[in-house]
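Here come two complexes built around chain A, the first alongside chain B, the second alongside chain C.
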Partner chain A sequence: MIIKLFLGIVIIISSTMVGIAIANRYAMRPAQLRALQSGINILQTEILYFSSPLPEALHKVSKAISDDISIIFNRASKGLMEKKRYTINEVWTRAVEDSMDTTALTEEDKVILINFGLGLGNSDKESQVRHFQLIMEQIKKQEVKAEEIRKKNEKLYKSLGVLGGMAITVLIL
Partner chain B sequence: MNIDLIFKIAAIGILVSVLNQVLMRAGREEMAMMTTLAGIVVVLMMVINLISNLFENVKTIFQLY
Partner chain C sequence: MLIMGNITSYRYGDVCKAKFSQRVKKDVFDVMPLNIRSILYNMDTDLIFSLEEIRLRVYKPLMIVCQSGNHFIDANGRVTDNHEKAYIVTKEDMERTLQFMAEYSIYALEEELRLGYLTLKGGYRVGLSGKVVLNNNEVKTIKYISSFNIRISREVIGSAQPIIPHILGSNNRILHTLIISPPKMGKTTILRDLARLLSNGNKYMKGVKVGIVDERSEIAGCYQGVPQNDVGVRTDVLDGCPKALGMMMMIRSLSPEVIITDEIGRQEDIYALEEALNSGISVITSVHGNDFEDVKRRPVVWQILKKNIFKVIIVLGKNQVPGTIDSIYKLSNNSDTYEEIIGV
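The block that comes next holds the complex of A and B.
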């Protein structure tokens, strides 16, 4: 009897944690998109006013923003500093694709980010500004969308975890 | 025949109704429908033996072989 009780508690706790983990993924995405926006803002300042070269600028950005997103900038900056004759496009695309697993970003965000890399560092300052603005706008839209999705799903998955655990416990014990 | 089964079914009923409410509130009507159906099926699996027992008993009592 006591063993059954113990097992039931274990099942409920673990499924609750699964629910919270899934809910966290939805909570992470808007935060990471916001971090991405501030990162791109910093990069814009670096390029416009300090005129620092891209590897340095990317490195500075990666130090200024939160961990999950800074991986992308960090990888890109390292890729450029190694000087293996890759273009910024290739390095950026690779950095984004390698970092997809550790961030909460989706395919749509990935496409926007890769597009961002395509226009990076291949024109004069004015068209760079336009490019930055375009990308910022797109990311902002994604953030609004992500926020909506979060509102819809976060609570749902939390309570679904607890209730699912209870259901499993009742069924098998 | 033990009384536990009744409590088990009652617990499933409560859980399914709460799940239903949660899913409805989140705007997932079709998933709420599916959980309700799943609950019905699970409970049916539990009681189907008892129901068949009941029919057997009725048959024996009235000698309908």
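The block that comes next holds the complex of A and C.
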């Protein structure tokens, strides 16, 4: 009897944890999109008000925001600081693509980010302002969408974890 | 005729050549796209050493200008005079070059694009042309860059040594000096070396505080405000500042003993010159022209000369040989006329 009770508790706890883990992944994406927005905001300030060179500006951003997202900026900054071989667009695209595995961003987010690299640093300040406005709008939209998905799924997977554990326990014991 | 460090002279051994071409490779070739970089790297060391300009024009052959005139370069880095065999610069090459030269930060070059040139690390000047965007009849920026003219400047250390004794007056005071020279005959090179010699000190005098007003970033070749050429240890540089304005700023706040600036010739320069004169600051400057008589015909310059502000006039490169002094005129102490003390 005691063994059965113990086994039941173990099953419920582990399935709850699985539920929380899945729910967390839905929570991560909006958080990372928010980090991305603050990163791009810092980049905009560096470019428009301080006229810092792009590699330096990207490096500053990578220091200022959370780890998961900063890796994109860090890779781009390192790529540009190396001996001049590739264009901003090439380096940025590579940085985004290489970082996809370790972030919760989706394919849709990736396309938006890569498009951002097309005009980054490549024109006068006036055009850069418009460029930044566009990307901020797009990411904001993605964040709202991601937030909706999170609300829908986070609770679902959490309760599913607990309830599923209970169901399994009842069935097998 | 005094010979002052002509760039072809014996003073440049093989070691110096190798060093120079290393510098050019690092500072100039490495801001080009990879394909053009490898073409230029294939060029002969002697050819690199004689380079004066590298020219990139969109959809046109890659061109260099050296002492023997202008030539095209083919895809293997060899000189050719047949433009059909030359490497043709693509639009992509141009875009990459601009990004590399701008350190990926074209937004930071607004002022440079407005004026039509930028300065590379190492002090090399790059002239630009393309589609000009106007705003209220003033150039706002240049877009779709269609040509780059990269000027390979060189420091000729010691080139101003022979003229030092001529510009020193009693008590080793530096006299107001005007250098007259046709373009590309070493005007700026000499001003740069004068700044270095006066600031570091030389065998005639201790170093003095030197102020350079470098309107076109050619004397000191500043990159992000730091002089890339050796202009001496007691030298302050106002980079990219209009001459008249810069001279006034210098006089007010930096207390130089000598002000060095390039190419005077505008009305407001006269006022600044007089201001410097009244504050007891010596001015060394230059003006475009073939000889003394030629310069006298230019109204603004004549206004200055008439006032006998300049005590020494130095004429360079009359015979189309860069870096040679042709004549030196000195204002005599008791009369108002210039006397030629060294002539051809």
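Here, the second predicted complex is superposed on the first by the 172 of 173 C-alpha atoms of A that agree within 3 Å, B and C clash if a C-alpha of one lies under 4 Å from a C-alpha of the other, contacts with A are read in each partner's own complex, and residues count from 1 in each chain.
Simple rule for what comes next: a residue touches a chain if its C-beta (ideal position, glycine included) is under 8 Å from a C-beta of that chain, and two chains touch if they have at least 3 such contacts.
Nothing here was measured: the structure is a model prediction, and the numbers come from that model.
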What does the overlay on chain A give for chain B and chain C, a clash or a fit? fit
Would you sort A:S38 into first (chain B), second (chain C), both or neither based on which partner it touches? neither
Per the contact definition in the header, classify A:Q138: touching chain B only (first), chain C only (second), both, or neither. neither
For the superposed three-chain arrangement, provide the angle chain B-chain A-chain C between C-alpha centres, rounded in steps of 10 degrees. 170
So, A:N153: does it touch chain B (first), chain C (second), both, or neither? first
After superposition on the shared chain, which partner residues are touched by A:S51: those of chain B (first), chain C (second), both, or neither? second
Which one hits more chain A residues, chain B or chain C? C
Could you say whether A:T106 touches chain B, chain C, both of them, or neither, answering first, second, both or neither? neither
Once chain A of both complexes is superposed, is A:A167 in touch with chain B (first), chain C (second), both, or neither? first
Looking at the overlay, what does A:S123 touch: chain B (first), chain C (second), both, or neither? second
Taking the superposition on A as described, I'd like to know which of chain B and chain C A:N115 touches: first, second, both or neither. neither
Taking the superposed arrangement, what is the smallest distance in Å from a C-alpha atom of chain B to one of chain C? 49
Is there a shared patch on chain A that both chain B and chain C touch, and which residues make it up? none
Along chain A, where are the residues that touch chain B in the complex? 152-153, 155-156, 159-160, 163, 166-167, 170-171
Within the complex, chain A is touched by chain C residues 30-31, 34, 95-96, 99-100, 103-108, 110, 113, 141
With touch defined as at the start, can you tell me which chain A residues reach chain C in the complex? 47-48, 51-55, 57, 80, 83-85, 87-88, 121-125, 128
Chain A-facing residues of chain B, complex: 8, 11-12, 15-16, 18-19, 22-23, 26-28, 42
